[in-house]
Structures are given as structure tokens and as C-alpha cells.
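One structure is given below, represented as C-alpha cells, and several questions about it will come after.
As written, the chains take the letters A, B, C, D and E, and residue 1 is the first residue of each chain.
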Amino acid sequence: MKKFLAVLLIIGLIVTSGFAGGQSEEGTIKIGAIFAVTGGASFLGAPEAKTTEMVVEEINAAGGINGQQIELIIKDSAANPEKAISFAKQLIEEDQVVAIIGPSTSGETMQIKDLCESYKVPLVAAAAAEAIVDPVASYVFKTPQKDSYVAKWIFSTMQSMGIKRIGVVAANTGFGNAGKGQLEKYASDFGIEIVIAETYDKAATDLTALLTKLKAKNVEAVVNWSIVPAQSIVPKNMKQLGMEEPLFQSHGFGNIKYVEAAGEAAEGIIFPAGRLLVAEKLPEGHPQKEILVAYKTAYESNYGEDVSTFGGHAYDAIMLVIEAIKNADSLDRNDIRDALESISGFPGTGGVFSFSATDHNGLGMDSLEMLTVKNGQFDFLQ
Amino acid sequence: MLKIRNLEAGYDKLKILKGISLHVKSGEIVTIIGANGAGKTTLLNTITSIVKTTGGNIDFKGVDVTNVSPDLLVKKGCALVPEGRQLYPAMTVKENLILGAYTLYRRREHKKALENLENIYTMFPVLEERKTQLAGTLSGGEQQMVAIGRALMSGPDMLLMDEPSMGLAPLIVKDIFRTVEELRDKGKTILIVEQNAKAVLEIADRGYVMETGSLILEGSAEDLLDNNDVKRAYLGRDYKDFTD
Amino acid sequence: MKRFYPVYILFITIVLIQVLTLITGKGYMLTQLTMSAYYVLVAVGLCMVMGYAGQISLGQAGFFAIGGYTTAFLTTIDFTEKAGTGLFKLLDSMGLLITKDTLYGDTVIHLSPWISLIAAVLIAGITAYALGIPVLKLKGHYLAMATMGFGIIIYRIVLGSAIFGQADGIFNVPAFTIFPGLELSGDFTSRISNYYIAWILVIIAILLMVNLINSRVGRALRSLHGGEDASDAMGVDTTRYKVIIFVIGAIMAAVAGFFLTHYNGGIGPSEAGVGKSVRYLAIVAVGGMANIWGSLVMGLVLNFLSLRGVFGHFDDAVFGIILVMMMMFMPEGFIRISVLRDIRSLFIKLFSRKKMKETIQEPPHE
Amino acid sequence: MSAEQVLQYIFAGITVGSIYAFVAIGYNIIYNTTGIINFAQGEFVMLGGMISFTFSRFMPLFPAIIIAVLITAAIGGLIEIVFIRRMRKNSVLGMIVVTIGISILLREAALYIWDEQIRALSFFTGTEISSVSVFGARISPQVLWVLGVTLVIVGGLFFFFKFTLTGQAMRACSENSRAAKLCGIKTDSMVNFSFMLSAGIGALGGCVVSPLTQTHYAMGTDLAIKGFIVAILGGLGNPIAAVAAGLILGLLESFSISILPMAYKDVISIIILLIILVAKPSGLFGSKQVSSLKDF
Amino acid sequence: MSNADIIMRIEGIDKYFGGLHAVDSVTFTVKKGVIKSVIGPNGAGKTTMFNMIAGFETPCNGQVFFNDILITGKKPWQVAEQGVLRTFQNLKLSNHMSVMDNVLLGWHSLGSAGFLDGMFSSPASRREEKNAKDTVLPILEWLNIIDLKDSEVGNLSFGNQRAVELARALASDPSMLLLDEPAAGLNMHETADLAKRIEKIRDQGRTILLVEHDMSLVMDISDEIVVLNFGQKIAEGIPSDIQKNKEVIRIYLGGDGA
């Protein structure tokens, strides 16, 4: 009998919690967020969720937007597209959010791109793939710099270093695949030959065999495109193999943890990234400096961990939405979309955003800097 | 030394022992004979608590040992030579024997264990010759010696033996039972469960006859040897036609 | 017939829930209820394989993915350029080509989902058959690992192959017009009809399975659970029965994958992951293994809550706890006869004050 | 392929193979005493890396590793007492489900204790960039550590099972647990000890490979699967063969990369698993008879 | 005797397990409509022989013919379809199924409804199911378990479980029954009942091959007996002869074989 009552109690609790969800106070501005806080892409989702929570708390403490408090509803999709779809529908219909930020991964974003477009809900994605804003869907925006800029930066740097034959390795994530595609697309424009391009598993723990394969092809440089721990395994394994060729990484390397994990092997890695990582080293008066330093200090003091560019993408997303709401002075999704599209010269962590009807990324080549690792720190590439 | 009163036990719904009472005095060889499936092995397994008792009690050296864990019984000085020998086939003869003295080693009585080992080697010189051989590769008779030796390693006062003659040629059976007699002469108390009635009754002091979970007869070995009921228990109740 | 009472109750409950959501203005919940229905379908199939026939499968998500990816792949290729060729003219005349305008102003021509539905069922069925014949000879850990291995292979293939969109999966999967006016899609306007499409599919599947369980074949399947020797000795061709029920489970998973992919408008590799297979396993376990209704109820409740994000960051942990706790404390599952008996005796106690019988009535011992 | 490259692939294979072997040894120890495949074995490796990393901030590396091994062993023992012991009489199906559940719980617990970030112990000798040249091929000193520790563990296990009373008692339990009980061996304690031992070995593996592969809360699942493939390949219940099988799988994978795209690496090893399962379930090194005369 | 009277011929079957010669070139025949018992001490190879006849193990050498059809190498279910049904010493019943379902499982080989029939509950399959129930009810009645038909088998007493197992075997209308220690675990009263039932089954024209330890039962009801020891056939004949056979007495009572 006790057992049965317990069962009844549990079922009752579960059902009520299911039906009771979604109740909220009136008069707040609801913003939805879908991040992969756990699961395979938690490297992205966790700092993103922390950042948005922090930002919203700050703004609410300072009185909110136009006197209204923000209610942030974060859903953890664990990088599952089907959950992202479920959550997007929930946020749009049930929670009636004015805009959605996220998801963290390109796959999820692409799965809900059409959804947001047909229900006319502004989506500001924190995922990188170019396809999110190309073709342009009028309601879909993204904050990370375009993959093609990254590829072009890498290639032009190679050009100046006189590198012609390269090997490319990428993780089997949406980010890695998209990056590999961009590299393959633009290589010939810069007179660079990709001798070999390979994909490795995102959970790979040893890549010496793969790198041996690259080494055998006598490449002059290696590009690794990923957001996963392999970013520090690749440099370590290269050093193990005695490969002295320069290693280029993507903007996914924007997390000092990977530098620490790679230790001395990280020295000299070259990668393009937003200026967040070198905020303090920026010259005074740079339009981004103030905001970068502010975000960085706030994040690091709040969570006791180093800031990463991924958190920065979410920071930009939430700030852009807030800016748009302010500018539109309306909670209508269409007004917010219009306001988003007309944002111009807005400094964020990823660069200075200027959206237009044809550009929903809003960043130019100059949003990136070529960085390197020097003495275990990020620094400008000289 | 061993006293059993109204013991009942079985597996799940299948009740095998239906109120067994027996006793074994110190220094005796007592045998329980009966046909296949009479419940003899279950009785020994119940004494060693491998099968749980559902009724009655077992008293060893004046202590109630009903349902105590097998290792405690070994410590108290009662060891079982199981049916089918149950050796560790992929371990050497010596390793098999040493594990018999596991409880001694645990009590740090290494010297006593070593003594026991020496005694066993004297009793079964062939085991010393084969001490590095894997037990699974020995002949049936030798395996039975290992099984007996292993039980003796803990230096028990009482030995329970389950069908030591099973699967052995008659000559070897004789050897084994001669060894059992020797053990009795050295002061061990022995309870043998056996199907081979003739052979075991020749060495036993007393015997019980078991049939479908109950003891139907008790008597001295000589009496039992001549008892027609014994034959009945083996060959069926219509034995009337059976004339010797 | 008596054994269909639960089916009637199920149908009434489904209607009641819909009406309830309508009255309370929580119609949006139908979205997750619809998605859960498809996962329930997978769980019911696994329940047949694992609960009734006693064959563990840790590869059910692989079959789901086969269904989903087959249709996603076939219905998203654009045949605009080939539309003039003979084969496509033929298909067009049979109404098996569909022209659609995209949100971005392009026009694409793609295959009708009817073709991909047949393909999905065939591919899943044939794969299950080819896999089942060697693998179902294995038992216990070996069978678990072999089926899990199959799941991983499917996962790796969809993750590694460009035609399946790699890590991004396939999106923009068109709606499936079952007949004019009834569309399988995630559109908010067709939410109620889709809720019924999903649940009627589940009811049909359950009806078929309840029938099967109570038939000659079903008896033979149930007898496999305790051990195959007895069934074998009674003249049951155990190998064949195991393989066929495995195929049926696989087809149910593939059909679920097909429908959910059209409902969601896309599919990603996470649907093929081992984690998903473990979830189905958890649902069947918590439902009481050999209990279709248990799988149904727990599949509905757990997926519904999970898809609504109720468990938050603890989503996986919840399923882990369920697995461990269930197996340890309630190996017969949550939804089982004795719980119903408990309910009944509760009522008896409340209303009649008669002394109730505590335990199952055991026939007298001799 | 030049000789130097071949050697390089061999080294790569050995590195990965030893990691797999660590997991497979753990599987085998538990399997031997209980007949259970502990699907949470990969999590022990993860715990080893995580715990040692945490302690290495307060103390030198080696004490930190020892503490990590001890703590993980205790966790293993605790798991046996809390979950496995009362489940053992249950069906195989139940055991599979429970150990999968435990692995999920350990993983999620690690996520909440250590978050999603990666951790890496520092190199035992040298640094990330030091490497040794062997016949022209290059190898990190940490790989030598991994190899060395693998060998020491294999040797240690051999000695333990062959020459110590506890080791012999554990073998006795696995060969004939009824007879072991009759010899006065507490089989429950032996099972418990086998969980501690395999957890400890897993944790030690997790520490040694951490500098190379890094430690991440979700690393266990993949390792568990690979470790299982290796255990099956070598023949369940045979830790020494597991090391050989680990190296074979590692080499196969590493040479497969030289020919095929790496994306399909796992498909290859799983197809090997399926073939072995169907064609020769007793493993590469076991005939039916030898596996009945289990030997360490 | 004419060949037509012989229902089963066992010709020189052999089985080795590793080095153990479990069954050693055993040859005997079973006449139609008799009760034939196989006896012998533990480890004599009785169960192994049973397993070989029923298709659970394949003999290393030799053949078994049933009604002149070779059945060695067939799978157990194929042997069962031929009409040779076995019971198990340790009761392999489906404990979670009802008595009725267990017994209907025995009827399985007589039915023909397949997966699709089952799923769609086709009229033919429903008719068949009804006929099946009509067939098995008298069996349940005869074995006094009709009142238990809806109980789960796992909850029954051991005696009743034995009865279910016998009912299950009978449900297939077998021409030959292989009974593996059907009296194990039964009390005297139940054993006496069982003896009567087995004789009744024989009187219905079925052939019975029996492995049993209870000598009283064996001697009471058997028409013929085969004695095995160490895998070899050492005697064959009618019960009274077997009881007088010196070799048999020796292996049962022991002694020097004098």
C-alpha cells in the first residue's frame, strides 16, 4: 500500500509539474533561449547559458528595459535537434517569447530556422555556420563571425608566410564540417592546395595516427577546425610526432582552457578570433574595448572561470535583442525584427554589428584578428 | 558431534528434505545411503548452508549452526568434500590444496597450514608428484584425492563426504574408502553420503537409509548390509520377485 | 472483447486530454504529446522484443534513424532538373512528385513521402532481418553489445556521410499529405489533427500488438522470455519467431522515425545515438518489461516531460536514476497489475470496510 | 609507406590500444568473479583522471594519483555493495540495465562536480613538446609511461593472481564459487574486492593517459564500448589476452586510418566486434576448452 | 516383431563432452504403445540421451529414427512437430504465463496461425484458437487443474506445476512422450496418481519413454527397461528380469561385481 501511495504521489508530482510549467508574471519581457548546456556541445552551451543569465540579471537589477523586467527562459537542448524543435515551438507558442537566442550548434539552428521564419519570431543564433544567414531568412540572425571570414583570414596569413600545401583536420560536428567546407571553397582563391582533409570524432582522444597520415603528405601547415577538446590534442600530438609545421586553428580555439590543456604545445598556434580574448591588450579607444573588458571582468568574477568567445556570442545575441527591443520600444515580434535589422555600429564582443536586409550577420572581415599563443596567453600575431 | 533434528529444506516450492533427524558421534564413520534423487546431496548442502533450512536445526559440537555461512562452519572444523569433487580445474594441485587452508591463512596460521600440506602429501604421495599440474587434467581418482586433501587442509575434526565413489572404477573406490578408514583412525569424524551401499557399508560404523527425503532405516553397518529394505529402496517396492 | 477495454480507455483518454487542453487554453501541449506518441511507438515495439520475447535490443534508435533519415533524404532531394525525364514523368503522373515553394522563393520538386514511407519500412525491415539472423543467436551481454554495435554503426554512418547532413542532420523535410486536407506537419494550425494522427497510429499499433500477444504466435513469443528450451520442445521455431518480432519492432521504430521526421520537419544524428536507445530501454523497464500499457504510459509521461524540458540539465540523470531504481526496487516496473490491485484494494478499504486480501491468492499446497 | 611511418602508426596504435586494454582488464576482473559486464567501467577511467587532477592542485602528482586510485576503488566497492550485491540474483537483462544506469549516474555526477570543461594532468616526465626518437619515429615520453604502467599492471595482476592467497581465492571464486564457499572463502568480499580492483586499475589508467588524451566527463561511454570490444576480442575473462587484443585493435584502427577516412574508424572496430561475436564468441585467444580452463 | 510396431529406433548414438564419453554407442528400439524406462545411476548419460533424441544435442555418431524418419540433426521444434514431445526434469514452464496459456503453448505445433493472423485476429485464427481451447480443456480437467487455468504458473504448488507440464505435453496430441523424471519432488500420493495417469496415456495409444529415479514407479508401470551405466547400455528387458540382473544390482547397490 505504501508503495502504491508513493507511486501515486510521484505520478501526481510529475503531472502537476508538467501542467504547472509556463506560469509567469505579467508585464515582463520574455526572451527564450535554447542552449546545449549539457551533452556533446556543452563547451558552447554552458558558457552561453551562464552569460545570458548574468546579463539579464544585471539589466534587471538596473531596472530592466524601458522599465520592464526581462524574463529569460533557458532550455537545455543537450544539442539534440528534436529537443530544439520542441523547445522552439514551446517558446513561441506557450511562453510567447518576443525573440529566441541560440541554439548553440549549427545543426539545431538549421532545424528551427524555417520554424522561426514561418512563425515570424526573431532568432539570434549563437551558432557559426554560414548557412544560417545564407540564404537570408528575414527573422534569422547570427552573432558569430562568418566561417568564410575565418577561412580567408587563415589563408591570407598563410599567403604572407609563403605556405602553399596544407592539411585540414576537422571534428565531425556541424561546426567542423562547415569550417572544412569553407576552407575547401576558398583555398584556390589564395593559391593554396589542400593536400588532405580529414574528419575525426569529436570525442577522439588520440590523433597521432591521423597526424602521421598528414605528415606523410609533407604538408607545410595544418589547419584544425573544431570546438572540442581535440583542439589541444592536435598540437600535443603534433609535437609528439616532431611536426614543426605551423598549426592554424579556427575561432573555436577561443577558450584559454584549451591552451592550458595543451601546455607548451600550444605555443605558436595561429588562429583568427574576436577581440574578447585580447581585450586588455586592445589599444585604448578601440570601439569594442570598453564592452569587452566589462564582459570579461563580470563573467570571470561571477563564475570564477575564464571567459570564452562562445559566451561572447551569446552575450552579443542577448544584447542585440535588448537593443532592438529598446529601439523598437515595442514587444511586437515584427517590430523587434525590424529594429534588429536596422541596428548599425553596435559594438559587441564579436565585432561591431551592422545588420542590413541582406546581411544578418552584421560583421565584416575586420571583426577578426589573427591571434597566437605566447607564453600560455593569447596575443596578437605580429 | 553432529546432531540434526527435524531438518526440512528444499528449492523454491520443491521440498526435498522432509524432517530429517540424525546424529554422528565423535570418531565414527556414519553413512547415509539411498538411491539417486533421495535427497542425500541436498542434506549435505543444507548442513553447509548452501541450501537454506526451512525447518529444524543443526547442532555441531554443541553450537547451533543452522544457516550460518559456509566459511564459519569451516572455521568451526567441519569441511565438505563435495559431490563431483568441484575442484578449480584451471589451478594447480597445490593451489587447490592451499585454498583449502584459506581460513588458516586468514588467521595467520601459516605453519599449521604447511603441516597439513605435508600430511596430505604423505597420505597421497601422488599429489606431491603432481603438485604443479592443473587439477582439471588429473584422473578421476586423483581428483577425488585432491578434493579430500583440500577439505583436510583446514584441519577439520569432521569431514562430510558426498558420493566419493561417483564415477570411479571399483578398484579406485576401494582405495578411496581405505583412505577414509585411515582418517577415522587418525581421529576424524566422517559422514559419508553414498549411493554405492555395499562398498561404504564395509567401512562404516553405522548407517541411515534415505528414501525420497526421509530417513527410513537406521542401524549398524552389518545389519543394513543384509536388510532387504535397503535393496527395496534401490530397486523398487515390487522387488518381491527378486530372489538373491 | 474484454482485452480491448484498455484500448477504449486509451482512446477516451486521448480525446479527453485534447478537450482538456482546449478548455484550459493549453493547446500548445499537444506538440509534445504528439512527439511523445511517436517515441511511445518505438517503446511499444521494443516492449514486444524485450519484454515479451525477452531479447534485449540496444539498437532501437538505429531503426528509428533508418526510418527518419530515409524519408528525410528522399524527400529533400530536389529533382527540378530531372523532372522532364521519363521516370519522373511517370512518377508525376502517379502523383508521386510534389512541387513546393520554399520560404526563400525557390521552387523545388521532390518525391512524395509515400515512396519514402515504403522505402523506410523496407529498409528497416530488411536490415533488421539481416541483422537479426546472426545476432539473435546471441544472449545476454553479447546480444546487448551486438545490438548496441549496430546502433553505433548507424550513428557513425549518418554522422560521417555528407548525404545525411553529417552533424547538422537533414532539415526542411516537407509535410506529408496523407490525403487532401490531412497533412502530417508540425504546423501550429494542424496541431490537433496531427495529435490524432499520432495517437491513432499508436492505437492501431497497440491493437495489433494486443491481438498478437493473445494469439498462438504471441504465446510462443511470451514463452521465449523464460527460456527457449521449453518453447523449442513444444514445437516453436524460436529462431524464426525471434527474428520476426525483431523485424516488427524495427519497423515500428522506423515508422515512428518517418512520422516524427515529417512532424518535426527534420532529423539530426542525436536520434540515432546510443543514449536514445538506452532511453527506450529505460521506458520499457520502468513500464514493467512485458507490459505494453506500461511502456505506453511511461513512454508518454517521460518523453512529454523531457521534451518540455522539465528535467532541465538533469535530463540524462533522470533516466539513469530511473534505470537503477527500477531494476533494484521494482523490477516488475511501475505500471503493473499489482499496482492496479493496490488501487482496487484501496477502494475496497475506503468504501466497504471489509478486510481485504493482502496478497495474491495462492492455490493451496498439497 | 616508409619504415618510419609504419613505426609511427605502430606507436599510435599501441598508445590507443593500451588505453583500451586498461578498460578491458577492468571488465575481465569483474566478469571473472561475477559473470557481470560492468558497463560503468569507462566511468572509472574518467573518475581517475578527474580526481587526480583535482588533488594535483594541492599536492605533487604521484600522491594525487594514489589518492585518486584509492577513492575510485572505494567508489567501485561502494557500487558493488549498494547496487550490484542485491541485484546479483536477478537476470542478466537486469544487470545490463543497472550497470548502464550506474554509468549514466556517474557521468552526470561528474558533470555537476567538475562541469563540462576538459582537464589534463601534467606530463609525468618532460612536457607536451618533448618527444623521444625511436628508429626515426617520434614518441612522447608519456606514451612510454602508459606502456610501462600497462606492463606493470599486467605483471602485477599476474603475480597477484598467481602467487598471493587473495588472488588465488579470487580465481577460485571465478572457477567454482560453490567450492570456494566450502573452503571458507567469503565470496561476497571477493566480488567486492574485484570491483575495487577493477575500479582502481581503471582509475590508474585514467591518470596515466590524462596528459595525452585529457579527461572529460563524457569520455567513459566511448571507452566502455571500445574496452568491451577488446574484452570480447581477447576472450571474456582473460585480462592478459585483453592487453594483446587491445594492442591489436589499436593497431588495426591506426592502420585503417592510413587507408580510409578516419570518420569510419569506429565502424571498422564495431564490424570486427560483430564478426567476432557471431563467428567466435570465445574470442581470438580462447578456444572453448581453454576458456573453460581459465588462466591468468 | 514386425517393423511396423517399432516407433523409435536409436542406433549407436555417441556423445562426447571433452574427454568424457557421456553416451557410448547405445542402441535400442521402442515399440509403439509401450512405456519404456531408461534407468541408471547419476551420470549414466540418461539426460544426455534424452537431449539427443529431442534434438537439444546432436550425437557425435549414430542416428535416431522416429517412424522411420531420421530425426537426428533436426532442431527441437522440428522433432516436436513430428509428434515427439518432451518434459523437463526441472520444469521449464513459462512462470509468468497462465496455466491455460502454458498448455496452449503445447498445442502450438498443431496450429497454423502466423504473425499476420495474430495481429489482425483473422476469423480463421479465432476459430482455430477456440478449437484449441476446446481441445485442451478436457486435458486440464483430467489432470485436475481446470480450476487453476487462469492462475499464473509461477504461483502454483510444485505438484500442480508438474501437472501443467504434463498437460502441456499432452496438448500437442503427441504420438510419443519423453518424460524426464516426472516424479521428482512429488509425494507418494502424487506419485501413485502419476503412475495411473502415465498408464492411461499409454492406453490411449501413445508411446512413452521415461527417465526416472523412483524405482517403485519404474518397476510398477514400465513395459520395458533399458539400464545405462557410464554411458553404456548394460541391460534391457522387462522389469522383473531387470530386478534380477546381477549387473544391475551391482551398479545400484555397489560391491565388487561378484
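Here, a contact is a pair of C-beta atoms (placed from the backbone, for glycine too) under 8 Å apart; a residue touches a chain by one contact, two chains touch by 3 or more.
Here the structure is a predicted model, which means the values were calculated and not measured.
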item: Labels of chains that are neighbours to subunit B and to subunit D; value: none
item: Contacts common to subunit A and subunit D (chain labels); value: C
item: Most widely separated chain from subunit A, with each centre as the mean of CA atoms; value: B
item: Label of the chain whose CA centroid is most distant from the centroid of subunit D; value: E
item: Chain centre separation (subunit C, subunit E; CA means) in Å; value: 42
item: Whole-Å separation of chain centres (CA-atom averages), subunit C against subunit D; value: 35
item: Rounded Å distance between subunit B and subunit E, as computed from the means of their C-alpha atoms; value: 33
item: Between subunit A and subunit B, centroid-to-centroid distance (C-alpha), Å; value: 75
item: Per-residue multi-chain contacts in subunit A, two or more chains; value: 38-39, 172, 199
item: Sequence positions of subunit E contacting 2 or more other chains; value: 156-157, 187
item: Residue list for subunit B, restricted to those that touch at least two other chains; value: 13
item: All pairs of touching chains, each written as two labels joined by a dash; value: A-C, A-D, B-D, B-E, C-D, C-E
item: Partner subunit A, residues of subunit C touching it in the complex; value: 26, 28-29, 31-32, 35, 103-104, 159-160, 165-169, 171-172, 186-188, 260, 264-271, 301, 304-310, 312-313, 315-316, 330, 334, 339, 342-343, 345-346
item: Contact footprint of subunit E on subunit C as seen in their complex; value: 208-209, 211-212, 214-220, 222-223, 225-227, 229-238, 244, 248, 290, 360, 362-366
item: Subunit C partner contacts - residues on subunit E that touch it in the complex; value: 54-56, 75-77, 80-81, 85-86, 88, 92-97, 101-102, 104-106, 108-109, 111, 113-115, 117-121, 125, 128-129, 132, 148, 151, 155-157, 159-160, 168, 172, 187, 189-190
item: Subunit D to subunit A touching residues, read off their complex; value: 1-2, 5, 8-9, 11-13, 15-16, 19, 111, 115-120, 122-123, 127-131, 133, 138-140, 143, 209, 212-214, 216, 218-219, 222, 253-255, 257-258, 261-263, 265-266
item: Residues of subunit B defined as touching subunit E within the complex; value: 12-16, 35-37, 163, 165-167, 170, 173, 194-200, 212, 230-231, 234-239, 241-243
